[in-house]
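Data first, discussion second: the structure below is written as structure tokens.
Chain lettering (A, B, C and D) follows the sequence in which the chains are written, and residue indices restart at 1 in each chain.
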Amino acid sequence: MAKLEGIFTPTLVPLDESGEINERELRRFISWLIEKGVHGLYPNGSTGEFTRFTEEERRRIIQIVVSENRGRVPILAGAAEANVKETLKACELYAKLGCQAVAIVSPIYYRLSPESVYAHFAEIARHTPIDLTLYNIPMFASPIDLPTITRLALEFPRVVGIKDSSGDVAFMMRMISAIRPQRPDFVFLTGWDCVLVPMMMAGANGGTNASSNAVPEVTRRVYELTKAGRYEDAMKWQQRLLELFDAMLNNFEFPDGFRAGADLRGFNFGRGRQPQTAKQRTSRTSLASTLECLVADFQLIDKPGTCAPRNMPPLEPLNSASANNSGNDPQMTDLVQRIMGELKTRGLV
Amino acid sequence: MAKLEGIFTPTLVPLDESGEINERELRRFISWLIEKGVHGLYPNGSTGEFTRFTEEERRRIIQIVVSENRGRVPILAGAAEANVKETLKACELYAKLGCQAVAIVSPIYYRLSPESVYAHFAEIARHTPIDLTLYNIPMFASPIDLPTITRLALEFPRVVGIKDSSGDVAFMMRMISAIRPQRPDFVFLTGWDCVLVPMMMAGANGGTNASSNAVPEVTRRVYELTKAGRYEDAMKWQQRLLELFDAMLNNFEFPDGFRAGADLRGFNFGRGRQPQTAKQRTSRTSLASTLECLVADFQLIDKPGTCAPRNMPPLEPLNSASANNSGNDPQMTDLVQRIMGELKTRGLV
Amino acid sequence: MAKLEGIFTPTLVPLDESGEINERELRRFISWLIEKGVHGLYPNGSTGEFTRFTEEERRRIIQIVVSENRGRVPILAGAAEANVKETLKACELYAKLGCQAVAIVSPIYYRLSPESVYAHFAEIARHTPIDLTLYNIPMFASPIDLPTITRLALEFPRVVGIKDSSGDVAFMMRMISAIRPQRPDFVFLTGWDCVLVPMMMAGANGGTNASSNAVPEVTRRVYELTKAGRYEDAMKWQQRLLELFDAMLNNFEFPDGFRAGADLRGFNFGRGRQPQTAKQRTSRTSLASTLECLVADFQLIDKPGTCAPRNMPPLEPLNSASANNSGNDPQMTDLVQRIMGELKTRGLV
Amino acid sequence: MAKLEGIFTPTLVPLDESGEINERELRRFISWLIEKGVHGLYPNGSTGEFTRFTEEERRRIIQIVVSENRGRVPILAGAAEANVKETLKACELYAKLGCQAVAIVSPIYYRLSPESVYAHFAEIARHTPIDLTLYNIPMFASPIDLPTITRLALEFPRVVGIKDSSGDVAFMMRMISAIRPQRPDFVFLTGWDCVLVPMMMAGANGGTNASSNAVPEVTRRVYELTKAGRYEDAMKWQQRLLELFDAMLNNFEFPDGFRAGADLRGFNFGRGRQPQTAKQRTSRTSLASTLECLVADFQLIDKPGTCAPRNMPPLEPLNSASANNSGNDPQMTDLVQRIMGELKTRGLV
């Protein structure tokens, strides 16, 4: 099986006028994401508002995504349900559907002790027919602390990775330092788009990044530049992604800003299930205009005339030769190796 | 309709060997609670582990409770579901079943802004066919702040009360001060058993108190003594209830300590759905012994020989003339009024 | 030595035009507080802004207060300094000056472990020549947890009490339950004015209450009514005190609202040492007008014409026969005892 | 004046047997740090326990450091005092002594609003005769939020930088993005050693890093490798520095672990002013042994026989040609430029 690497989009779910899953739009969106180059899909995550759908709807979302994907990219399916038994049922279904792995958030609502968090995942890990990644998001669910992650990683082969949304780079380093030497295949993904470069430099294998719903080209570019070792270039894009990420995260009720961002790319995500006041709806319209200018700065959409002029440092165009070419191109690889050899000979590195 | 007053038990749900709802035991428990004098039942609350059951199971729990209750006490049904639409479906069902009202927790998982919390409840309040109480439990769900509670109370007749589990007496005073003068029928319940007396002195109408699953006689006694104005006596019982409450709350993963407490009264609540490690199961056995001594101190069960001797200030027996007799007895009322008149005449009060 | 009981005013310090201690005004204020009936003075507390004065100034404040007091009420002197050695020097001086006890806050700035908090107080307790009270204010300094308080109370006779500003009534009950049976003389004071009645019902001996800088008559009335067992009357005053306390606490940068409140009583506390922006100064003027109406509602000052009319439940006048007369008056005591006897005879209590 | 760049050691203060400043040892330590290559000194920071010294002692510490330094490296002097007036007095003195700048922590103890934090620094900035850096350490003092930092940076030329100890890489990116385009000279330093590389990649100019008290060679190496663009090598050292930093930070009461680390380099820092229990002293001895093995892994001290064998990836020796040589060496620079030109010609970058 392919390793869980790269950018997995925590897929937003478009809704129709009556608040139901808009299957046609979801399919169109999934195919668009794949065409734009995301490495995988992660439906039923926090960005996918899994808690706002019913058990049945969560399954339907996975089924639509799997069906539209047609095996093109690996699918990491959010499988957290009300309890272990229901979660295992979901795991079985998603295994049958051919998902690559499931992602399971720490128990929600109650704040559990580390021992109970361990017991929860251990019980699932013992019985799941599909690989599972832990999902640590301390701002919303019981934290999975470092000793617990390590214990689970070292005891259960089915636990193949962690998606961490703490945004704490040092925590990522601690996890990798504790686990990778003993379990080199264990995968580390970050859910905090604005520090994707530092997380990858710390050893993360990629991310499940909400921003890739709106600007998959940019999130992917940040990933590829980092992967190619072009850290300074990566940080230029990272800084710009941060600005957009902050605008989508902070000015809206989560994940409505990402929905607004994806709408700008030609989709109709509808209103979302969380009711809004008239005041919020008015504010959303104005905020969406701000987003439009930020997305337009990436030259991914036309720039409205109303955007304030900005003096931006130039970035190479997104549609240029892809960033990771330089990393994978055999000619380039050869050249770099010869240069490094030369530098070593001269005692310079 | 009767007002929501007194002690509403946030009903625990017994499970059988295979982790399924144990209907026979649940029925036996419901009737026992009613016989022991609780004023109402509150199934599908946090103590009832509503998030660990499926949508279907949550409905079944209400149906069993309603059926066993046979109209004896009012039922406040926890009706929070994945989104507003599903919540309204539950409201409709629970209205049809004859529940007195529903309790709806603030949106879980995501941490919403006050404006969104308002929008959520407003949308439900506009469409619910049954009265609803807000449920504020900031440690687990988005807080409902004072301006939001006030706004909802003053705008929506269907919003008839709040259950607050913050444990903050000053916050209770602030809520009552902001709402009661304009909406005298609005009900204030506390979910924090250990300060039931102060909450009631501040004006609360009662509580939804987890301890009443284990010692309904004691929780009720605290309520009645306070209601009767016998504050000093009430505080003696309050102090003892605090000790037991703390033991059930702090030494176990919530709500397992309350399950252990109820087991001591002759029920078999089973293991709970949250998996436990072997270490936790061993610890639970020893902690249950400690609980047994505390419950025995109330003379509600036999005292095991292993309990450490304690030098406890005497409390009047729980089976004596009920505490609130003194408050409601016409002879007593008359006497008190005559005394007060006399004192006023003499300028002493 | 008298026990530390009743209302100890955490004394504000008036400043002159140039920001220096205004000794003349401080003396006038101290005598006014004593005349208004506070039971003690607590200079160099948080309300007294001890961290904004130099070591030398803190000593001078105590000296002025002691000198103006002329033995009329007990003085609890804030003695926290940069380290144990400096703190002990302050303890020695304040002992010589005749203070009743010192209050020492848990180490500030760094957040220490319970073991280090214990070590800090233990070292002081071993060497202090004057009784000390612990000062727990978890929002500003390292919390002193229950096991640490208990340990210190049971090991060191010089540790004679605790002032707790957590505002948590259940925590007060837990402290009293853990310590009082083994150390009946240990004193419990609350710094959270808005729940003074519940704290006293839980067993607290009084409070160090910032509101007594502005309305000593009201804070004292709440204390006395509670002490006299007139809980319902006490709660009426408590509710009103809460309103004023909230207005002084929440709308200003602490403790500037209390300074504004005291100014209304005819003092000139000056600007405070914490700089303010022009915007804050404008806002302060308008907020002070609001305070003026609230204080006027107690008929302690003239009501400005600009106050919005309020429909307030009547309270007995503050200048009527003092509340605690009824508790101490032998005639009253006798009457109450005869009535209680009669009630017991009839089996009613 | 030189810009504040590189590694500034937040200097620990050695104490003698009686807990007084050990001037001889402090001088020896200062000169050792300078010899080991730190770029500057930062006395009276949190690591320097400024709150545990008296006003007079804080001044003496600066005087000793300045005197021993003899102009060799720039000194950033912690100048926070009880209030603005006292702080300004310190600023004046430190300016006279020839310090490069002062660092001033946000007001401690009270938690102030952003407006008051602004007012505090604005008042100082208007009158200080020496450049000042803001010091943001939200776990100990009122946070300085992004709008406040920006406002101060853009309004006051005397505010020349910020030292941030939040450890949040995204926050660093936000600060730099908000301020640098408008104020390119503004300096950003991080106090969170374990993410020094990511912080510098985000644009930070260096750090005030406690670890440089114990292993100045390592902290400096991390800085230099990053500065030279050797990010992957830098991250190898960063990972190892994280391990040591965590051991010094988490297993001791702050900053005692750093004191223990510095002791291993041949100094005698004494006990510290925060009292310890016997249990803590025993634990400290055992923890210091663990530290000894970690520091020995850097080959900076002899390895005790008791250290567990570790299979560590090799690092180039610290005493090899300094890391930044490669960055500054003209031959190297030329070579790199020619290679990059070649790559561009071929369309590979």
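In the analysis below, a contact is a pair of C-beta atoms (placed from the backbone, for glycine too) under 8 Å apart; a residue touches a chain by one contact, two chains touch by 3 or more.
Note that the structure is a prediction, hence the values are computed from the model and not measured.
Trainee: If you check the contacts of subunit A and subunit D, which chains show up for both?
Mentor: none
Trainee: Show which chains lie in contact with subunit C and also with subunit D.
Mentor: none
Trainee: Between subunit B and subunit D, what distance separates the C-alpha centroids? Give it in angstrom.
Mentor: About 52 Å, centre to centre.
Trainee: Could you tell me the distance, in whole angstrom, between the mean C-alpha positions of subunit A and subunit B?
Mentor: Each chain reduced to its C-alpha mean, subunit A and subunit B end up 41 Å apart.
Trainee: Could you give the separation in Å between the centres of subunit B and subunit C, each centre being the mean of its C-alpha atoms?
Mentor: About 34 Å separates the centre of subunit B from that of subunit C.
Trainee: Two or more other chains in contact with one residue: find those residues in subunit D.
Mentor: none
Trainee: Which stretch or stretches of subunit D touch subunit A in the complex?
Mentor: By the definition above, subunit D touches subunit A via 167-170, 173-174, 177, 192, 194-195, 197-198, 201-202, 229-232, 235, 238-239, 242-243, 246, 321, 326, 329, 331-332, 335, 339, 343, 347-349.
Trainee: Taking the touch rule as given, give the residues of subunit C at its contact with subunit D in the complex, in rising order.
Mentor: Interface residues on the subunit C side: 19, 46, 51-55, 81-86, 107-113, 115-116, 118-120, 122-123, 139-141, 253-254, 273-277, 279-280.
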